[in-house]
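A, B, C, D, E and F are the chain letters, set down in written order, and residue numbers restart from 1 in every chain.
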Amino acid sequence: MTAPNAPREKEFAWPGPDNSRVPFWVYSDPDIHAREQRLLFQGPTWNFLCLEAEIPNPGDYKTTNVGDAPIIVTRDADGAVNAMVNRCAHKGALICYKPRGNAGELTCIYHNWVYDLGGNLTGVAYQRGVRGKGGMEDDFDAADHGLQRLRVEIYCGMIFGSFSDATPPFLDYIGPERQANIDRVMIKPLKVLGYHSQFLPHNWKLYVENTKDSYHATLLHVFHNTFGVVRLTMGGGVKIGAQGWHHLSYTERDPEMEKTATNEKTRSLQDQYSLEDAAMMEHRLELGDNITNAIQTVFPTMVIQQILNTIAVRQLVPRGVDGCELLWTVLGFEDDDAEMTELRLKVNNLVGPAGYISMEDGCVGKFVQEGAQADPDAETLIRMGGRAVESIEGSRVTEAAVRGFWKGWRECMEI
Amino acid sequence: MTAPNAPREKEFAWPGPDNSRVPFWVYSDPDIHAREQRLLFQGPTWNFLCLEAEIPNPGDYKTTNVGDAPIIVTRDADGAVNAMVNRCAHKGALICYKPRGNAGELTCIYHNWVYDLGGNLTGVAYQRGVRGKGGMEDDFDAADHGLQRLRVEIYCGMIFGSFSDATPPFLDYIGPERQANIDRVMIKPLKVLGYHSQFLPHNWKLYVENTKDSYHATLLHVFHNTFGVVRLTMGGGVKIGAQGWHHLSYTERDPEMEKTATNEKTRSLQDQYSLEDAAMMEHRLELGDNITNAIQTVFPTMVIQQILNTIAVRQLVPRGVDGCELLWTVLGFEDDDAEMTELRLKVNNLVGPAGYISMEDGCVGKFVQEGAQADPDAETLIRMGGRAVESIEGSRVTEAAVRGFWKGWRECMEI
Amino acid sequence: MTAPNAPREKEFAWPGPDNSRVPFWVYSDPDIHAREQRLLFQGPTWNFLCLEAEIPNPGDYKTTNVGDAPIIVTRDADGAVNAMVNRCAHKGALICYKPRGNAGELTCIYHNWVYDLGGNLTGVAYQRGVRGKGGMEDDFDAADHGLQRLRVEIYCGMIFGSFSDATPPFLDYIGPERQANIDRVMIKPLKVLGYHSQFLPHNWKLYVENTKDSYHATLLHVFHNTFGVVRLTMGGGVKIGAQGWHHLSYTERDPEMEKTATNEKTRSLQDQYSLEDAAMMEHRLELGDNITNAIQTVFPTMVIQQILNTIAVRQLVPRGVDGCELLWTVLGFEDDDAEMTELRLKVNNLVGPAGYISMEDGCVGKFVQEGAQADPDAETLIRMGGRAVESIEGSRVTEAAVRGFWKGWRECMEI
Amino acid sequence: MANLMENLDLIRQHRVEALMTEYAHCIDDDRLEEWPDFFIEDSVYRVVTRENHELGLPMGLIYCDGKGMLKDRISALRTANIYEPHTYRHMVGAVNIIGDDGEGLRVHSNFTVIRTMHDGDMSVFACGRYLDRITERDGALKFSERFVILDSRRVDTLMVIPI
Amino acid sequence: MANLMENLDLIRQHRVEALMTEYAHCIDDDRLEEWPDFFIEDSVYRVVTRENHELGLPMGLIYCDGKGMLKDRISALRTANIYEPHTYRHMVGAVNIIGDDGEGLRVHSNFTVIRTMHDGDMSVFACGRYLDRITERDGALKFSERFVILDSRRVDTLMVIPI
Amino acid sequence: MANLMENLDLIRQHRVEALMTEYAHCIDDDRLEEWPDFFIEDSVYRVVTRENHELGLPMGLIYCDGKGMLKDRISALRTANIYEPHTYRHMVGAVNIIGDDGEGLRVHSNFTVIRTMHDGDMSVFACGRYLDRITERDGALKFSERFVILDSRRVDTLMVIPI
């Protein structure tokens, strides 16, 4: 349906030999943004769409985005999940303009073209005209004009979509280490506790780098340190896998190691600082291990989060070159009792747009965007842990996962 | 005065053989917008400026736009109407910065250069300097530096302007069918009842397509159906003319046909729905026919509207690539009595930004803009009534007029 | 550190033989804006940063801008003044995100890299990793990764910075006439009375032209005329110097000449208009001459102002192609007594965003931006006082200084 | 000291402000079916731009005579009209009670309306003045006239919910 | 004439409005350390989006039970959290006192918050409703419950200062 | 029961709020010639940014001592200054009466000003605090001091109409 619009795009050349330096123009050039839609978001990637728990019944639909593309996810009469571009085949209007709902079929409001829940065009108003006048030519075949469909895969109740046939199956795509962490966290049927939406005033890639940047966590976020959610001196590691596109960074409590913590001296360690009410820092070990913090990315724009007892998936949507929207779906398990739910709601004070831990991530990206704007050809320096893309055990003092993101980005973008 | 800025513009290629498919990049590319100013709005087109009734007296002026270009329309001492670009020949400042007024001459506030009401430069402050120092060189000839003038034609009290000498005379431009409808509606001297201004969050062309799209009227707008203002089963037609740039779509009541209405089944037909107070749906047949609805376009951006007893002209002004402003001038006749005026004011509840019938047009364009943005090379499908540009009698189930718009757009844009 | 991004920029060609006509695309093209950062603001120019009086003590810092580039100005332990780009060498975050402060060293909040007040990188958090894991490669040399430094020169308490080694020494850059006026005004240690910030909805160059345009002052600003602060019939002149980049325009009272004032007849001369309370128009001759008004520019974006007893420096910061921010620092002398301060505060009613004299300059630029937008290839006409760039004595009826600005702009921009 | 008249003034002021507040909450909380009941049967409700108002042009964006037309506005937006879901938030300034001729209180007040779209976009959708005539019916205050004068000549996209 | 009950109503209204005003000024004037004192010890303070609220989802942006958690919000933003300096300006509409069950007054009001960044950018940061329960302690009115319902589903950048 | 003092408080509050409301309507309705009459002869009116205010810098955007300078502001914008036509809409929050020393009431309030340009653009032009000293003259309340503290350090384009 789409020819490459490359003819109307600038050409770009990567300045260096590897992914240890990134030119600032990636964060601000409109043609990069256009190219990302075509080659990355609509390329060989799996993109989080929504949760099965959000569309439990036949006819349920939810709207979402893959990059700039508006998407409809539906559950059809057979209980199957479908994903289509939310753009009428006729003049291109959004079909579903509400965030969620239930419908027997999808009707475009503009000229009443009707699609089934799989996106097949089933009705064209006045296709035969009126009294033999007007209408469509006889050679018009509705079968040629359904909604653009995405491939769909579901894992642990999370629904993913891909525009491309070249994308490998989801589990091959994320690799065994990411699969293992999903299995570790999503041990039971999920329940949505609520949504956050956070507008970030910077290019979307700066947020992705931030989530893959295990180096900043204890340096930027005082809370991590002070309350021992994450300290670089704590156990843990960063798992990247062969391909390097995705990552898993985790931390676990280990009384032995914490002794050494006293050596640390950074702005973010303020032992004199303490909470009047530490209820929200309580951690019920519900997953059978001591992991306090596990942040996992699925390239390009998904994050799966476990911080103490707060579990969430995050989806990032670009909003132009210098903005993006971060959508949090905060989760519990269906069988949580009231007390457990209460705990999750309190721990949620740590994350989200008002989260003690996550709020800083909302401003550092802007600081980079401002720092970068004056000099598109200046470059960042991503050499913590070397220049390669490799996992590291027992430490998170590496930017390997960030380099891995750029590896994936360049492979998709052909730059 | 202007060299083509083409050297700084991208090149564009139309994807298909005809006007039955339109690529989405026409709605979002900034270079298309720049090219439209140069080749379309400042090309061989007539653009509505204002009404004679708005500048009745010598010295009256009104500011308006032709595309991005700010325009001054004046009535000079001889009663002649002039139109000039509202840009001082000196440093380019707006000369008139108020929407309307009366002045003996036009004075730029920046350095007090003075122009007569025809745009001729009549005074340059300190042209001779002060005490023989400074001032303009002797070879400076004010005659070379008047305001850029537009050609002006007036028909039925409506003032039109054109930048180009290549534009045919107005009546040849619109063709006999459009002329006939203007004669039909503007039967007496006009009176302004008020203005509406509506910002539409989408490219200007989506609104023009909407007005030429007789197919959507009864499908999108419940009111049309429910109250029989427009039903596709009612009589009427679409008149396009040879050139295809403009159109006239009309509907007339015909008891015979309406019997068949019962077959219709669309979302927009809600017979259970009725008004507590139908005063505004009353229709006084003041034009000597049963036409309930006549929508006429004058390429590129003017609409002449008669819906029941509400008469209005609409002018569309682009505001960047993803916005436009729709300016309504709602009219009555000078000799309307109080009761007739009251009726027009009540019927006006149907149109304008808060109009029962027109408000939907304010949002569908945005739905298309959002649907389109992710994929500039995807295309619309405009095949209702075939692929040709031709009139159709007794039915409005056609998109011929929309194809006609694209024919005109491409002829001007050389794409 | 930066390769030219020219490969991604459009090419531009100047339309005419000299600087008496300027094409409107200079005010609206995004590639011009990018090129200005690279070749002009980061080229062979001196840019005002702040005053010594704002950072009197070791550790004091202030943030400012040179074009789009965010800048930190510091006073280090030795009392020396340093200027660096406010962008961390690591991932590019702003180092200082508050407008002013005092610090022993500069710490980036993102990963705690630490710089001394001269911009040298002195600490990289976890450079050696943790327990031998992670960290930087051994070949990492902090000396290679300090903040980008600017050259700094200080004159009369004003601090200037330059990105380029090609920029001549400051006094050579501004030339003797500008130096003489600075010496004339800044006769004693300065004191900050307050700040104004004014957002102007137009390209930055329109404001610079306005300040160099001695022709508009008495025509646009009624106050100048009515109260004899500036009349074109008053004595004075425009001093441009050989290079033409900068200018000095001044006015002095001279009873003889004012007799001739009665001949003047312009909109802006309204003798019937007078103040109820003229306190703010009082002028204490504190500088040993009769000069009522001296406006001096330092190319590209600085203005030094003396109007009666109000002394100020103005710094202009581009905000995209169609906006800019004007930052006023209003000054007095350290030894002003309360009465003198009170006078300066009252005279300040003449200037700033609410200033009787200066407020018009806030809107004319917008009028030009609007007038210009529709036709990027149309041109301004800058021929008052001929087409050359030369000083003129005893009159300000010339646009020579404006032509001089374009001379400088084109020399930097290679257009 | 606090005399009786002043006390009565206070109570009247309080009652009028309560009417304004309830009117705003009714719309903002999407209880639109209750909205017509703030008016008397033969009331007049008009939304007019300052531009038309000052030019002496009679036309309104909304032009309702009588409660029936008010009810139609609500039934239309509930059942007929298509638009992106959005909500309003009214801020109404203190009221200025100009006077009381026989036909009721003449009251002026300032307002601002912030519109929030379902995607979260917030913007100042409208601001301006309420020019009201308020009268008593069965012990409750109601509008016999509510002229909404919008400062802006322009409406963003559409106006479906009353102001 | 002005009877006693009406007088008492006026005084109650006045006291509640004074509470609202002082609360707003306390935050806007950056006297945040005083903010927890507008609440009783075992109070509930929640900031919830209209979307979650209407979907019946319990999660808040901020979810505080008890004054301790309120104090922690302030000490955290003062000592721990990093963010661009900014200030709020609250506009609070007239209050609607719904009633008084045993546990205190139930009060609804509209609000808008304009946020100003240190560089001068102003924007409508939040608007919505306060759903309050107000009770008396030692002769002063305090919040036992303050639910802040935000009209927008989206927060710009971050929310560090309470609403 | 409602005692006398409380009653007097209510009346005072009511009178001060009425002053604020009339001041706002006077400007917003473009009756600027009446604006100086809200002040006493030797009054002080200053518009200062929060930045200058907090840095202890004396300079204002507008710095008027005495009614004469107030009148000059109006005559200048009417007869001398050139600017795009625009209007304001003030929203003024409930007032907080800090106290009454001999020289009059000290009163604080929040405000927001929405500016509308003739082309219809609306924006939050200013928000901040009024720090007032209010005194009685011939039975009417007037400002002896009005300090307007703007939250933003920046002014969009220009400030010609007083706040």
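The rule we apply is simple: contacts are C-beta pairs under 8 Å (C-beta built on N, C-alpha and C of every residue); 3 or more make two chains touch, one makes a residue touch a chain.
A quick note: this is a predicted structure, and the numbers were derived from the prediction, not measured.
**Q** Steps needed, at minimum, to get from chain A to chain F via touching chains?
**A** Minimum number of steps from chain A to chain F: 2.
**Q** If you tally the C-beta contacts for B-D and for A-D, which one comes out higher?
**A** Counting C-beta pairs in contact, B-D comes out ahead.
**Q** What whole-number Å value describes the gap between the mean CA coordinates of chain E and chain F?
**A** The answer is 26 Å.
**Q** CA centre of chain A versus CA centre of chain E: separation in Å?
**A** Centre separation, chain A to chain E: 33 Å.
**Q** Can you work out the whole-Å distance between the CA centroids of chain B and chain E?
**A** Chain B and chain E have C-alpha centres separated by 49 Å.
**Q** Among the residues of chain D, which ones contact at least 2 other chains?
**A** 7, 10, 82, 84, 91, 112, 118, 120, 124, 153-154
**Q** Which positions in chain A are in touch with at least two other chains?
**A** 97, 99, 109, 197, 199, 220, 360, 363-364
**Q** Classify the chain contact graph as line, ring, star, complete or other.
**A** Contact map by chain: other.
**Q** Which pairs of chains touch one another in this structure?
**A** Inter-chain contacts occur between A-B, A-C, A-D, A-E, B-C, B-D, B-F, C-E, C-F, D-E, D-F, E-F.
**Q** Considering only the defined contacts, which chain E positions touch chain F in the complex?
**A** 4, 7-8, 10-11, 14, 17-18, 20-22, 24-25, 28-29, 87, 89-92, 112, 114, 116, 118-124
**Q** Given the complex with chain B, which residues does chain F contribute to the contact?
**A** 82, 84-85, 118-120
**Q** Along chain A, where are the residues that touch chain D in the complex?
**A** 97-99, 109, 197, 199
**Q** Help me check something: in the complex, which residues belonging to chain D touch chain B?
**A** Counting only chain D, the residues touching chain B are 47, 49, 51-52, 55, 57-66, 68-69, 71-72, 75-76, 79-84, 153-160.
**Q** Along chain B, where are the residues that touch chain D in the complex?
**A** Of all residues in chain B, those touching chain D are 99, 192-201, 220, 222-223, 226, 270, 273, 275-277, 279-280, 325, 330, 341, 345-346, 348-349, 352-354, 356, 359-360, 362-364, 366.
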